[in-house]
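Heads up, the next two complexes both have chain A, just with different partners, chain B and then chain C.
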Partner chain A sequence: MLSLYLRLISARIRAQMQYKISFWLELLGFVLVTGLEFAVVAILFARIPALAGWNIAEVALLYGLTSTAFSLAEMAGRGFDAPFELMMQRGTFDIVLIRPLGSFFQVLASEFQLRRLGRTIQGLAVLGFAFARLDIDWSLARLAVLPISLISGSIIYLALIVIGATLCFWTIKTPEVINVFTFGGETVTSYPLSIYSRPLRIVFLGLVPLGIANYPAALLLLGRSDPHGLPAGLAWAAPLVAALSLCRCPGLLASWRQQVSKLRELNFR
Partner chain B sequence: MVPNGAGKSTTMKMLTGILVPSGGHINIAGRVPYRQRVEHVRNIGVVFGQRTQLWWDLPTIESFELLRHIYRIPERRWRTNLDTFCQLLDLEPFLETPVRQLSLGQRMRADLAAALLHDPAILFLDEPTIGLDVVARERIRQFLTHINAERGVTIILTTHDLADIARLCQRVVLIDHGRIIYDGALEALRARYGRWRTLVIDLSHEMNGLVVPHAEIVRQEGPRTWLRFDRDVTTARRAHR
Partner chain C sequence: MRLRTAIRMNTLRLYWEIAIRSFKRATIYRTAYVAGLLTNAFFAAVRCFVYIAIFDAAESIAGYSLREAISYTWITQALISINAGWISSEIMLTVRSGDVVTDLARPWSFYGYWLSRFLGERAFSLLTRGSLTYLLGVLYFQAHVPSAGEALAFAAALLLAMLVSFALTFMVNLTAFWLVDSTGVIMLANVVLGFFSGFLIPLAFFPPALESIARILPFQAITALPAEIFLGRIAGAALIPALLLQLLWALMLTALALLVLRAAVRKVIIQGG
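Right after this comes the complex of A and B.
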């Protein structure tokens, strides 16, 4: 299945490369647009020296972690977004249903947006800036927490994108409401979670657990502790939370299947 | 063969497992298409005349290769099939051309090959000759006749083109508003429904008491007159005289 997935997305990437100029322009566009996101943060810090005790480099670490994770999720998962919406509208979902593979797998493999690498580049650049400015006392744990944070983060983002897609069955249009959690979550988790009110912290650590991927990891990297008493070992719980988000996926898959069959009963055009 | 909007595509979609019927039963080769979709579609090939299943931006050959992996076709079998279809459908000249640049006729041929690479027992075609010119239509008909005779592939197709039916079909099912109104051979269909002809004539002036041998006047509106006759008894030319 994995080799078929890789084959299908490599076909998708080759197809995108048929339009090279457009590809590179879009990639550049993503670098610039997402670059503006961090520019806003930088402007803020030109006015204030620190936010709840966090300086610009420390916030850059948070931002870099969440933005890079988001970019990876977007790259892999955006097939569930606009391309899926188009499938529903144009009825090309028929083609998915005449192939001997699960529809969920096919939608996932139908798109791989390499141009989202623009955000990855920007995210990594911000991370680079953070590491250059910060004096991190590197240890094995601190080295390990980096990939853990990025991978867990992208899986949680991916789960959110997929939830958005299953909502699409009800509306035939991808509901913008999921962007509140993806883009909104990205903005919220760009700052230390300690600055938010309790309900918001609960949402972003529990319900939409994007905060768990980057905030505790940043605490660990910086040797800080959370003023609200978040346990220090929470950074290592991120993979578990990501796995749980994925485990929601069987449930999600079941509801996906249900929606697909409902759609097939309704004659979707 | 049915008028537009009578349920042809819906029937096709139910048979291919895309749609779930609101009532009744479907059983194809021992399977219920909408329940055992994956097993069912492994056994069938589908071509939608208006929509391609090929990868739009990639050279045609790449779609065939991806399908080999999707259907897990043994490489040798795939190669033999591809060679056969290349020969029969003359695919060779455009194997390296991106699908989006193919003419409609080329695309349809490529789609046919794509639907048959995994040796399906049944081939479903939804208006396979729509929009094609006479030569392209004929080529596709020849190909379908061939795979039906040589490979024993059962072909189920919908069409508006009577020539398609005359050339290809041993069995014709007519559907009207979701009901089967005829099921049998084309010849018998012709004999049953094609016997009576209606001739509409415009006279120079209104005429009452018109008598035409072997034909009856079914309607008159001013100078326009509708004549009905049995084509086994007389012809339009004779009735006209």
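Right after this comes the complex of A and C.
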């Protein structure tokens, strides 16, 4: 399965590389777009020393973690975005259903946007800036929490993108509202979660658990504590939360399968 | 002479009808407007929480109080309804599909046709999505409620902003005549527009050098100037130069857009003949 995935993906990348200029321009575009996101943060910090007690390097850590995670999810998961939407609108999803492979796998393998690397580069650059400025007392636990945060974060983002696609079964068009959770979630988690109102904190720790991926990890790395009493140890729960969001938590795969079987019935009738 | 006036009246009537139809067409996509409204309100609320945390450390920033920063956030999010800080790709898509040829052959001004469509749709969007977004800001974040004078000046600024925004959108979309796919150009234009129009943060927050660059560019006429007029930061005698500046940009960019159109049409004819 994995080798098949790699084969399909490398075919996608070779296809994208046919339009080299377009590829590099778009990659540069992503570096610029996301670069401006952080430029705004930097402009604000030129006016104030700290935000809720967090200095610019500390906020950069939060931003870098969430932005890099988002970029990885976008790179791998965009098959669930426009290509899937097009399949639904043109009715070519039927072809996916008659192939001897899971539909979920096929949609995942249908696209891999290497140009999103632009956002990854920018996210890693901001992380680099944060680590250069911060004096982190590195321990084994602190080293381990970094990849855990990034991987869990991208899985949760991926789950959100898939939810958007699942909604597509009803709406035919991927609803714009899903942007509130992906792009909006990225904005929310770019700042310390403690600054938001209670309902917003609950949403981004529970329903859309993006906050669990980067905020507790940052607390742990910086040795800070949350003013509302959120334990930093929650950082270790991130992989579990990520696994839950991808598999069962929002009834995601179940509803995916259910929708697929409904579609089958519809087609065979 | 009388005949000419009659024709001119009829032409105006034509554009009016296009605008009305575009307005009515927009009413069909009500759900999309509600979704857009929720998205705008969400982003505005998140930015407000950031400002609340920021202003915890400072009484005022670059002459903005917390309430002004919050009101600025809500009004700029509300202005998305007139395409402020965003360039759509509708016209480009007709160039790519070739439908543009039919539109060009019709006995009206191609520019006037799209401008009327644009204004009709934006009027609906502003009345629903825009005003309701701002209402949420007033209800939940005590955003500024403008006086009658401010509202009147804002209405004028809004109309000029739409003219500037349309001319820019039109020009960027027309690059498709040369590039076929302008997605990259539109993406880049949106980045520049979002940043320099004052959509992301008030221009006054910029470092001085960057702010003076933003003040020279036309983009501030789309978002920052109307928002500052709405908040009453530009008021009294200062209104006249601000509105004149907007008018100047509207005229200059429209003229430029028409020149680009002329070049584009020549390109079509060359390819067609």
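FYI, the second predicted complex is superposed on the first by the 258 of 269 C-alpha atoms of A that agree within 3 Å, B and C clash if a C-alpha of one lies under 4 Å from a C-alpha of the other, contacts with A are read in each partner's own complex, and residues count from 1 in each chain.
As a working rule, contacts are C-beta pairs under 8 Å (C-beta built on N, C-alpha and C of every residue); 3 or more make two chains touch, one makes a residue touch a chain.
In this text, all values refer to a predicted model and were calculated from it rather than measured experimentally.
**Student:** Mind working out whether A:133 is in touch with chain B, chain C, both or neither, as first, second, both or neither?
**Tutor:** Neither: A:133 stays clear of chain B and chain C.
**Student:** Which touches a greater number of chain A residues, chain B or chain C?
**Tutor:** More residues of chain A are touched by C.
**Student:** Looking at the overlay, does A:197 come into contact with chain B only (first), chain C only (second), both, or neither?
**Tutor:** After superposing on A, A:197 lies in contact with chain C but is clear of chain B.
**Student:** Could you look at A:184 and tell me whether it touches chain B, chain C, both or neither (first, second, both, neither)?
**Tutor:** After superposition on chain A, A:184 lies in contact with chain C alone.
**Student:** Answer with first, second, both or neither: which of chain B and chain C does A:228 touch in the superposed model?
**Tutor:** neither
**Student:** Applying the touch criterion given at the start, work out whether A:91 contacts chain B, chain C, both or neither, answering first, second, both or neither.
**Tutor:** first
**Student:** In the superposed arrangement, which partner chain does A:18 touch: chain B (first), chain C (second), both, or neither?
**Tutor:** Once the two structures are laid over each other on A, A:18 reaches chain B alone.
**Student:** Looking at the complex, which residues from chain A come into contact with chain B?
**Tutor:** Spelled out, the residues of chain A in touch with chain B are 3-4, 7-8, 11, 14-16, 18-19, 91-92, 94-95, 97-102, 261, 264-265, 267.
**Student:** What does chain C use to touch chain A in their complex?
**Tutor:** 32, 35-36, 38-39, 42-43, 45-47, 49-50, 52-54, 56-58, 61-62, 181, 184, 187-188, 191, 194-195, 200-201, 205-207, 210
**Student:** Tell me, which parts of chain B touch chain A in their complex?
**Tutor:** Interface residues on chain B, with respect to chain A: 10, 13, 16-20, 22, 34, 37-39, 41-42, 44, 46, 48, 51, 53, 55-58, 62, 66, 69-71, 98.
**Student:** Give the list of chain A residues in touch with chain C in this complex.
**Tutor:** 22, 25-26, 29, 32-33, 36, 39-40, 43-44, 46-52, 175-177, 179-180, 184, 187-188, 191-192, 195-197, 200
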